[in-house]
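The next block holds one structure in the form of structure tokens; read it before the comments.
Here the chain labels run A, B, C, D and E in written order, and each chain numbers its own residues starting at 1.
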Amino acid sequence: ASGARPQADALRIVSVANVVAEAALTGLRTGRAALPGVGSVRISRARTPDELRAGLVGGQVDVAVLPSTAAANLAAKGVDVRVLGVLDQALLAGIGRTGAGTAPWEALRGATVDVAFRGDVTDVLTRLLARAGGLRPDVDVRFRYHAQLPEAVAEFAVGEADFAVLPEPSASLALLRAAEAGRPGTRFLDPAAEWRAATGSTSLPLMAVAVRGDLAARRPEVIRALQDHLRAATANAAASAEAVAAELQLPPQVVSELLGRGGTGFRTGVQARADLDVLYQRLLAHAPETIGGRLPGDGFGV
Amino acid sequence: MSERRGRRLRLSGAAVVGAAVLAGCWPAVAWQQPEILVPSPAETAAALLLLVESGELAAQLWTTLSRAAVGVAIGIAAGALWGLASASRRWIDEAGRPLRGLLLGLPPVIPAVLGTVWLGDAGAVAVLVVVVVTVPTAKVTVAEAARAIDADLLEMARVYRLPPAARLRHLQLPALVPALRSAASLCGAGGLRVAIMAELLVAPDGVGAAVAQARGNLATAEVFAWALVAVAAALVTDWLVARPARRGAASRAAEPVGAR
Amino acid sequence: MPAREGSPKQQDAETVLSLERVSVERGGRAVLSEVTAEVRGGEVLAVFGPSGAGKTSLLRVVAGLLAPSGGSVRTPPGRLGYAFAEHRLLPWRTVLQNVLIPLGRREGRTARERALSLLDEFGVGGTADRRPAELSGGMRQRVALVRALVVRPALLLADEPLSAVDRQARRSAAAAARRHLGGAAALWVTHDPEEAAAVAERALLIGTGGRARLVPTSRLGSA
Amino acid sequence: MSERRGRRLRLSGAAVVGAAVLAGCWPAVAWQQPEILVPSPAETAAALLLLVESGELAAQLWTTLSRAAVGVAIGIAAGALWGLASASRRWIDEAGRPLRGLLLGLPPVIPAVLGTVWLGDAGAVAVLVVVVVTVPTAKVTVAEAARAIDADLLEMARVYRLPPAARLRHLQLPALVPALRSAASLCGAGGLRVAIMAELLVAPDGVGAAVAQARGNLATAEVFAWALVAVAAALVTDWLVARPARRGAASRAAEPVGAR
Amino acid sequence: MPAREGSPKQQDAETVLSLERVSVERGGRAVLSEVTAEVRGGEVLAVFGPSGAGKTSLLRVVAGLLAPSGGSVRTPPGRLGYAFAEHRLLPWRTVLQNVLIPLGRREGRTARERALSLLDEFGVGGTADRRPAELSGGMRQRVALVRALVVRPALLLADEPLSAVDRQARRSAAAAARRHLGGAAALWVTHDPEEAAAVAERALLIGTGGRARLVPTSRLGSA
């Protein structure tokens, strides 16, 4: 249903709110950076991957920054999307009111951990990692769910919850607000590190950059240019902290802390395919619906 | 007798035609769209079957229905009483105006946030949100209708000094039947929708939470299946509310009116 | 000029309803002007006068439904029976229910028989279980009159209670009403001199100017 | 004259008292809670001031108000016509039953999703959701009231062969004033809330999007500020709807009724 | 037994309204039984009979509001004017609006003067801008009658149109109605023999059994 597109050289990018993604796109948004072969770039933001799919299917969106599970899910549902890269970053954090010990899982034995949604990727991964860490979910460690992320953050910040596994920047926000409220907490668990240890893969690739398949096939030079831009921009993400904080209306200290911590980077779809497959295979075994019940086929990463 | 039956059959026929037209639109749209946007009836049916078989449907629906029922019952009772009081005393009406504006204007996020603080339990918060949405509907509908009650009959009740209970039973309630029916119809069927929305916002379980999860997983067919369930529940509620109403209407129109 | 007592019989019962220089305005226009009258217990005072003269307005003032613009009204303690000109029966209740509703719960039980026999006496005996909409206009009027009588009022206000009833039924209903009035005082509006004479000896004759005077009902026929 | 004015003053007094009681509850709750859960009035006022100064308030409110207004206008018009048609022809009523169940039962997520597919524009989707929510409210309220229109007057219109337009203008519309007023009151103020909710679900701008953003940032004071704005807008709507109503009531009750 | 023509004058105008063996049931009870009558253009037929006999039912059948259980009704082409027993004025419109609403748009303009003069003639001249609730019962009745006449009906049905009006106003209103009837046929229900005689020469006398016979109105007074 894509039809004739009026502006063949306009690239339309939609991104879910994410600190690193925003940092990578800032140059394009402000017009300071340009992509060779592309006339203009239009960037907008979506609140959920759900909002993106009509655009991807209908051809109103060319490139989407979204959770890598959503990319696989779209592919599994027959939407022609490819992953042109993943944004590496510490996207998940376990925060708590204990000091960061050497045995994070032991600290959680008998405790209750707040997670935002039952059954979403954070929940599934936390359960997987807990099992890998020697805890039986729902027996040795309990989980408590909320319908919305902000509630989980608020509960931690005001001391209603002692442990939480949250995506960034919510985890950072929770720590900031908790400190303001006089109940400081720390990051005591790094799910990405736990993931690497448990699976042997090089990263936990949770955030992907997807592109419509026909665009990837017809204009590889645009894909290359975009990949180059993203690589350069993520390598230097900390520089755009201020702009990102303004754009996402986040406290500046949270953004500069997140971007300044390092570990951010960009790999192409081809480079990250192995890591993606490890993630997808685990999810397929434990929560197939998160990736649409099927592994993406060959050529998914470009 | 048999003529009346024929009429009834023809009327249910109209309902079936209406349903068929709606149902026909769906595949027509689904035809041109990929499943991920608009799943076909078959795909939706498959998703529905899965929900039924896993027991998910019954469990979540029960949770949501009971929340909706409790919320709607409280909301209609409170709203109807408030509406009656408002119609009978201007100062009550005026004093209640800010509260009514609050209830009508408040984005449900706020009672959700406050409810979490006060009630703790997410289920109770969902009920609270349903109450908050139901009360003004019931109040406004009943108050406007109560204001329209035949002034002559009210005067008669005053002259004969009917005690408030008798006035309520013999005059106000019968006169308010249409308003109460529309309040019940709106709140009954709508209550479920509001409960789902409230769960979507605040609760970790119930149909709303299931919809949120299916949405997050881009499982459009499952979202549609839940929507079908919600619509079916609304139709059943509507039917239950409308049944006694129709009986009343039938007895009123007992006398045949011929063409000239 | 206030009206004066015109009837010779006033020995036994005492005055229970009295109007003193009552004036009424409606919609900014003066309707009644300084009407004075007294009614004894058990007595009916007919109210007579042209359409629009203020008869209904007078009844409303006595019932407390309308504030007079001047003068004072004294009514007997006890119940009020009001047969409105437009009957005002509850459309969703049966005739018998309509008649019994003004009575209290306990009274209601013992009053059932009385209500049924009153309905009978007024010629609407078979209608107890019908709704008002299933009656003819004249039947509804009589039901409304029965309702006003069944409460055993201390004061009966009847506003053209038999205007839609045929002559014969009107005669018998007027006589029945007279019988069941007991010690109540009554104001009875009518346009029919014969009906007025059947229920009352004196009539309050309201003129178009809003002034009223008392005349014997026997003299109304010549109007 | 001056007595009536005194009465009016006393009535607005009641409204002020009602508002004061509500306003009093707030600091009482805020007192015991951290700002992040329940901000104090002062904190909320500060957030509100910021929104005003940045121009954010005016911009987003305008966006949302226009969406709500368009949606409510379309919804009330369509719903009222449907309600009138339903009340006059049983088969229309029956044929519309499935659609009504659909509209009443459908979780707004579905029209939001479908709307994105069909309309593309998120603003149009918000309007669509408002229409979907408004139509059944208007329809049910108007249909029940239309069914309660004095049968004697309808018969009179039939006997005098009033053309449909005259019937609508002189009989049905005046008789439906209370119902239309309650529909307008419910939909007018409620429409804003629904628009906000729809934006919260799908739109990138408007009050709903701003609330979502503030909520994501745990800027609870800002969320409360937006809620205050929404409630204020609802009160203004309510006041606008209620004003002509009150004037009508005043003229009807022009005649003084004394105590006995 | 069907009723028979009772009047000697039938030379000029032709029969425009005819009832042939019309029977009516209401709520499962037989009300009218084989009523036969003919009315010529310009003629008024009074309908007379006890309360509950079926007079209103007969008018409803003629108006097409009620299906007869037997027999046939032929009505003249053209407009119908119906003065209902309960007036049925629109409470939210003024008296003048109420009277003009049954007229079409264009007619309405030219009819305004006629409506005002009719209101005047019926003794409710000053009320054109008031609402029905601000009138007395008898005034409302006359407005309803004016509404029925102002449409220049081919057939007038009047159901006790002057029952709440005083005797004098009744006489003059009846005469005025007679004057303005033009070529219309009319059925005029009343309980007042004098009123019947003022508007009609023949009366359809309905008995309690539901049978009807035609009598000269001059003989009704003895009933």
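Just so it is clear, a contact is a pair of C-beta atoms (placed from the backbone, for glycine too) under 8 Å apart; a residue touches a chain by one contact, two chains touch by 3 or more.
For clarity, every value in this text was computed on a predicted model and none was experimentally measured.
The chains that touch chain A as well as chain B are D. Set against the C-alpha centre of chain E, every other chain centre is closer than that of A. Averaged C-alpha coordinates give centres for chain B and chain E that are 48 Å from one another.
Averaged Cα coordinates give chain A a centre that lies 84 Å from the centre of chain E.
Across the assembly, chain C contributes residues 26-27, 63, 65, 86 that each touch 2 or more other chains. Shown for chain A are the residues that touch two or more other chains, namely 50, 54, 148. Shared interface positions of chain B, i.e. residues touching 2 or more other chains, are given as 33, 37, 113, 116, 200, 208, 215, 220. Contacts from chain B toward chain C in the complex involve residues 152-153, 155-156, 158-163, 166, 170-171, 174. Contact residues on chain E toward chain D in their complex (touch as defined above): 63, 65, 79-80, 82, 84, 86, 88, 90, 92-93, 97, 101-102, 104, 151. Interface residues of chain D facing chain A in the complex, by the touch rule stated above, are 34, 36-37, 113, 116-117, 120, 202, 204, 209, 212-213, 215-218, 220. Of all residues in chain B, only 10-12, 14-15, 17-19, 22, 33, 37-38, 90-92, 94-102, 104-110, 113-114, 116-118, 136-137, 140-141, 143-145, 147-148, 178-179, 181-182, 185-186, 189-190, 192-193, 196-197, 200, 208, 211, 215, 220, 223-224, 226-227, 230-235, 238, 249 touch chain D in the complex they form.
Looking at the complex, you find that chain C touches chain E at residues 26-27, 49-53, 55-56, 85-86, 123, 130, 134-139, 142, 159-160, 163-170, 191, 193, 223.
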